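Data block below; observations after.
Chain lettering (A, B, C and D) follows the sequence in which the chains are written, and residue indices restart at 1 in each chain.
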Amino acid sequence: MNPHDLPVLGPAPPIEAAAWLNTDAPIALDGLRGRVVLLHAFQMLCPGCVLHGLPQAQRAAQLARDDLIVLGLHSVFEHHDAMTPAALAAFAHEFRLRFPIAIDAHRGGDPVPATMRAYALQGTPTTLLIDRTGRVRLHRFGALDDLELGLALGGLLAEPS
Amino acid sequence: MNPHDLPVLGPAPPIEAAAWLNTDAPIALDGLRGRVVLLHAFQMLCPGCVLHGLPQAQRAAQLARDDLIVLGLHSVFEHHDAMTPAALAAFAHEFRLRFPIAIDAHRGGDPVPATMRAYALQGTPTTLLIDRTGRVRLHRFGALDDLELGLALGGLLAEPS
Amino acid sequence: MNPHDLPVLGPAPPIEAAAWLNTDAPIALDGLRGRVVLLHAFQMLCPGCVLHGLPQAQRAAQLARDDLIVLGLHSVFEHHDAMTPAALAAFAHEFRLRFPIAIDAHRGGDPVPATMRAYALQGTPTTLLIDRTGRVRLHRFGALDDLELGLALGGLLAEPS
Amino acid sequence: MNPHDLPVLGPAPPIEAAAWLNTDAPIALDGLRGRVVLLHAFQMLCPGCVLHGLPQAQRAAQLARDDLIVLGLHSVFEHHDAMTPAALAAFAHEFRLRFPIAIDAHRGGDPVPATMRAYALQGTPTTLLIDRTGRVRLHRFGALDDLELGLALGGLLAEPS
């Protein structure tokens, strides 16, 4: 076995979105079977997201392969008053984020949103890679360099549907 | 005459602030006579500010000279609902901005704030340098490289009070 | 067919080396079957190599997979008096290049070295990727970004031996 | 007293050059009175010089003020066989160094060249700033950031001839 292979971390939970940006209709992970998904969890006021993670997600989105989908997940767990849906829309417009972005839903009074809970995210930025069969294969909190991300994506794209 | 000397662009208008961050009391430019002031006008959702201007202002603030003051000016002229004082406070906290920041005041229904009007700013980011006698000596909309900024600051700091 | 798949560009010609650095014994591509090879052709006085290509090759070498080998190829086709083997050794020492480097052999009076001719390189830097069965799968003159390189490597590493 | 003022470190010793690049005639510091001189001591195979110091010297040279002169000083104290005058000429051509470069002269069997001895340089890169009256005002071994360099240059340029 190659120690660098990407282990299976379990089935990818559904995205629980309160709303979406940059897409006409909500997107379900179930509908993306056969494709590799890069799900980038961020907060618009998180420096590591703004300076590193989101530019990387944009570069990945520009690879423009039909079988590679980049999605953003705005998982607000702090400064809720500042990172509203309207503020996110302005942010996405100004920073020219073109990929679909799910606004992670809050349930009850929980300050941590639902998708963040389901994926057990430690914080933002977190990069999640989901394989063609809907399984989480990489879960990285913090910075990931482009070479390593590319290597992982290349491996997942080479797997059969 | 040296063509690279910094021309006098006129007296620096007062800062009209609705509120301040990172300072216990409001700051008046009149009270800074004898010092050189770097006034950095920005918006928290402006990519050129977040990626270039504000990091540069932070580097300038770290030069830590008693006779050099770095001030931020949050001049919101678009996306007013997103760039509220509460949002700015969260942004400044997350991005570790330590220098005093004036929230440019809105007068009447004018979408352009008062200090921005007084300085005739074209947009953000704008770097303003004010000399020891209170005169604007550099007004630059857009990016300014560190070497050029340092050269200008060094020249102004060499002028007598 | 996926247009992003890496086409087969032909069998990888042997490396014709006058000497090697950073290895006790010469390395033959034939002996690397079963592994993916990143062959980075450079010149020590080529800015694109020094500033971009070689740092990238070093990053790739640090991925440290048993089935991924990074090799340098010093293909001098200009300034021959300046880029001597002794100069290359000093350069590799100072820039901390750790991967094996072949010094491309000159045949007769040809200013273009033999491996460079065999691969029909247009210049330096050139990145060559060779698959587990010894075929050239990527041949890129100039800059290649890390994400794209990683994606290609990930795809080739996923292929069976 | 301002602790940030640049102290006088003594008169600038003459440059002892075996040869010059990028100038028709040798340049004497004595002939540059009235101007500020940035003297950048480097070695062509020194990573800190190639990656940081020389690009910074090039940026300074592009400031294009009549009263600011950028000079290079190639002070070879190691790998003498690799960093020959011919190799330096190839390097300067490829890296598009346009400012005049003195090749520091070796006296007797001393591996450390004469100007390097006269300035008591600790190594390369070293940035030296010489004021309008021929005195060394900054002597920095290693990296210097652009803002700090600009500040120092701005201060020296503001001094009377």
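One rule holds for everything that comes next: contacts are C-beta pairs under 8 Å (C-beta built on N, C-alpha and C of every residue); 3 or more make two chains touch, one makes a residue touch a chain.
Small disclaimer: the values here were computed from a predicted structure and weren't measured.
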Fewest hops from chain B to chain C - one hop per pair of touching chains: 2
Per Cα centroids, the chain farthest from chain A: D
Distance between chain centroids, defined by C-alpha means - chain B, chain D (Å): 35
Gap in Å, rounded to a whole number, between the CA centres of chain D and chain A: 49
Residues of chain A whose C-beta touches two or more other chains: none
Pairwise touch network: line, ring, star, complete, or other: ring
Residues of chain C defined as touching chain D within the complex: 45-47, 50-51, 78-79, 81-84, 86-87, 89-91, 94-96
Contact footprint of chain A on chain C as seen in their complex: 2, 4, 56, 59-60, 63, 65-67, 145-159
